[in-house]
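The two complexes that follow have chain A in common; it is paired with chain B in the first and with chain C in the second.
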Partner chain A sequence: MKLFYGTQLPNPLMLGTAQYPSPAILEQAFRDSGAGVATVSLRRESGAGQTFWQMIRDLGVLILPNTAGCHTVKEAVTTAHMAREVFDTKWIKLELIGHTDSLQPDVFQLVEAARILTEDGFQVFPYTTDDLIVGEQLLAAGCEVLMPWGAPIGSGRGLNNAYALRAMRAEFPDVPLVVDAGIGLPSHASHAMELGYDAVLLNTAVARAGDPAMMAKAMKLAIEAGHLSYQADPIEARDMAEPSTPVIGKAFLS
Partner chain B sequence: MKIVLNGEPREMRGETLSDLLQESGFSGRVATAVNEDFVPSSLRIAHKLNDGDRVEVVAPMQGG
Partner chain C sequence: MTVWSVIGSGVAGLAVASELVSRGAQVQIFDPGGPPGPHGCSWWAGGMLAPWCEFENAEESVLRLGQHALEWWGTRTRVQRRGTLVVANPRDLPDLRRFSRRTEGFAEVDQPKIRELEPDLHGFTRGLHFADEAHLDPRQALRDLYTQLVKQGVEFHHKLAPTRLENAIDCRGLHARDVLHDLRGVKGEMLVIRCPDVTLTRPVRLLHPRIPLYIVPRGDGVYMLGATMIESEDSSRITARSMLELLSAAYALNPAFGEAEVLEIGVDLRPAFPDNLPRIRRLGRTIYANGLYRHGYLLAPALAQGVADLALKNTHSEMVDEDRA
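After this line comes the complex of A and B, so read on.
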C-alpha cells in the first residue's frame, strides 16, 4: 500500500465521525470497520467538543480534520490553521465547496488554497473532482494525495464516472488516490478498490445505515475484497460466451 | 467593550483574547480566530481586542 505523506495506513478505510445515532454506535462502527483514519471537523464550541475529542482519541486512529463547509480560500486556510492547533496534526482534508446543491468542489479555489497550505507546512488531502488537469495542478501545488469524488457527498450513488476514476488511476500511478464521497453500498467501495484506488473515505453510508456497525463491517470486507481483486489481476469482460468446462473429451451421447 | 463571540453580541470586561476565553468559561482544546484571522493559542494573552471585533472559538466536532 502506498504511503500517505510517509504514513502507512493500517487499512484502506477512512471513516467519518458524523451522523451516528449515538457515540456508543460510533465507537462500535469504528471497531467493526477496522478503519485506521477518522475524519473530524471544527465547529463553534458549545460544550460538547471536549467530550467528543476524548472519545476520538480513545479510538486510537489517525485523525484527519476537514474544512467542511468552507466556500472561500481565506475561510479554508483559517480553518486549517485552527485544525492544526486543535488536533495537533499537519494533515488536512481540504474541502472548498463551490455549489450548494451538489457540494461540488470549487477546484480553482481548491488549487490556490492547497498551494498556500502546502507552503505553510500542511499535508493536504484535497477533496476534488475526477478532472485530470485539476489533479495535475494539485500535485504541482504540493499535494501528495488526491481524493476525487465518487458522487456528491451523502448521495450514496456510488461511482458516477468509473471511466474518469480509472483514467485518473492510470494518469497518476504513483500517487495515493482515495475515492471520497458518494459511496452508498459495500459494492461501491469494492468497485473503487477494484479500480486500483488506495483507500476509500465514507461516512453517511455507515452512519445512516439501519445498523451502522454491521454496515461498517460490510464495508471493511468489501474494501478488502476489492483490494485483493485488483492485486489478483482480474479477467477482461467479453461479449461472447467462452465455455469454462473443457470441450475435448465430452461423451458423445446424442 | 462590545465584541461578537461566535456570532452573539457580548460585553466583556477584560482586554485580551485570553481574558475573553476566561470570562466565557472556555477551556480544553479550542482554537481561536479574530476578524477571520487565526490567532494561535500562544498569542492570545497578548492579543488585545477592539470594540466590534468578531471572535470565533471552535472545538473538535464530528465530521465527514
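After this line comes the complex of A and C, so read on.
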C-alpha cells in the first residue's frame, strides 16, 4: 500500500465521524469497521467541542481533520490552522464547497488553498473532482494525495464516472488516490478498490444506515474484497463465452 | 420520615420531585437559579412527546420508555394530542422513505390529506402522520409542576444545596459534570417566532438531509422553531448559519413565515451520555439522574419513575448503570 505523506495506513478505510445517532454507536462503528483513519469536521464546533473531540482521540486511530462546509480559501485556511492546534496534526482534508446543492468542490479555490496550506507546512488531502488537470494542479501545488469524488457528498450514488476514476488511476500511478464521497453501498466501496484506489473515505453510508455498526463491517469486508481483487489481477471481460472446462472430445462441432 | 432533597429544578428535578411526592415521599428542592426559567435548558425545549418519530434516530428504549410520557404529563399539565406531521420537499423524498422505514405508528398521507390536516401546508405531496403523538408547552409544564409541588408542601430553596446532604437526588443536568465525567453538552439552538398569518395545529417536522427542522405551535400564532444539534459545548450564542437554516426551513414550510417576528433566540447545551440515553447512578448518599439529551419531556417521566423505584423500593430500573451506595 502506498504511503500517505510517509504514513502507512493500517487499512484502506477512512471513516467520517458526523451524523451518528450517538457517540457510543460511532465508537462501535469504528471498532467493527477497523477503520484506521477518522475524519473530523471542525467548522461547526468553533473551538468548543472538546468532549466530542476527546472521544474521537480516544478511538486511537489516525485523525484527519477536515474543512467541511468552507466556501472560501480564507475560511478553509483558518479552519486548517484551528485543526492543527486542536488535533496536533499536519494532516488536513481540504474541502472547499462551490455549489450549495451538489456540494461540488470549487476546484479553483481548492488549488489556491492547497498551495497556501502546503507552503505553511500542512499535508493536504484535497477533496476534488475526477478532473485530471485539476489533479495535476493540486500535485503541482504540493499535494501528495488526491481524493476525487465518487458522487456528490451524502448522495450514496456510488461511482458516477468510473471511466474518469480509472483514467485518474492510470494518469497518477504513484499518487495515493482515495475515493471520497458518494459511497452508499459496500459494492461501491469495493468498486473503488477494484479500480486500484488506495483507500475509500465515507461517512453518511455508515452513520445513517439503520445499523451503523453492521454497515461499517460490511464496508470493511467489501473494501478488503475489492483490494484483494485488484491485487489478484482479475480477468478481462470479453464478449463471448470462454468455456472453463476442456471441450476436446465433446461433440462441440456437431 | 426521610426527606429527599432534589437538586435542580429543570424538567428532570421537577419530574423526580413530582413522582416522589405522588408516592407519598417528602421532598425539598434546591436550585440557586430560582423557579423554572431561562437558566435551565428545559426552558428551551420543543415539548414534543413524539416517541415514534424520535425512534428514527434513537435506541429502542426511547420508544418504549417514552410511551408512558403522554399519560404521566396528562395528569399534570395540558397535553395536546394532535399527533405529528412529517413532510419533505419533493427532492428529499428519499429521506421520507428512510424515515418511514425506521419508524412505526404512522399513516402515509398524500397532498389532499396533508391539506386537510394542516391547510397552511402547501406544496407537500407526501407525508407521514403520527396520530398518537402529542405536544405540550414546556414552560407551562414546568410552571404547573412547580405550582403543584408548592401546593403539595414541597419547600423550594433558592440556593445551592448544602454539601454532604443525606438522601440527595442530583438533577443538575450538565452542571453535574464535576461528578459525572462521561456527561457532555450537545449544543441546541432554537427560535420563538410569532406569525399569526400561518396556522399550524400540531408539530410539523420537515426532513432535510442537512437541516431537519421541527416547528411546534404554542398557540396565538407563536411557534417554536428547532433545533440544531451540534457537538459543541459553547452555548454563548447562535451562529448566523443556524439562524439562516432554521428560518429558511420555516420559509420552506410556508413562505408567510417570512413575515414572522422573531421573539426569542435560545441557545443551550443538552446533557448527554455517550449513548445519548438517560442514566441513574447511586454514588454514596446521592442518586444522580441525568443525560436526558434531546428527550427531556419525553423521558423525564420514566427517569423520575426509575429514581423513585431506586430511592423508595431499592429496585433497579434499566436506567440504573451504577450503584455504589
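Methods note: the second predicted complex is superposed on the first by the 242 of 254 C-alpha atoms of A that agree within 3 Å, B and C clash if a C-alpha of one lies under 4 Å from a C-alpha of the other, contacts with A are read in each partner's own complex, and residues count from 1 in each chain.
Note that in this section contacts are C-beta pairs under 8 Å (C-beta built on N, C-alpha and C of every residue); 3 or more make two chains touch, one makes a residue touch a chain.
Since the model is a prediction, treat every value here as computed from it, not as a measurement.
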Have a look at where A:G135 lands relative to chain B and chain C in the superposition and call it first, second, both or neither. neither
A:P65 contacts which: chain B (first), chain C (second), both, neither? first
In the overlay, answer first, second, both or neither for which of chain B and chain C A:Q50 touches. both
Under the stated touch criterion, which partner chain does A:P21 make contact with: chain B (first), chain C (second), both, or neither? second
Using the touch definition from the top, say if A:F87 reaches chain B (first), chain C (second), both or neither. first
Go through the superposed model and pick first if A:L42 touches only chain B, second if only chain C, both, or neither. first
Partner chain in contact with A:G210 - chain B first, chain C second, else both or neither: second
Touching both chain B and chain C, residues of chain A: 44-46, 48-50, 52, 154
For chain B, which residues count as touching chain A in their complex? 6-7, 26-33, 36-38, 40-41, 56-64
Residues of chain A that touch chain C when the two form their complex: 21-25, 27, 44-52, 55, 154, 208, 210
Quick check on the complex: what are the chain C residues that touch chain A? 57-59, 98, 101-102, 184-185, 209, 230-234, 239, 272, 274-277
As the complex stands, chain A meets chain B at residues 16-20, 39-46, 48-50, 52-53, 56, 65-66, 68, 74-75, 78, 81-83, 85-87, 153-154, 203-204
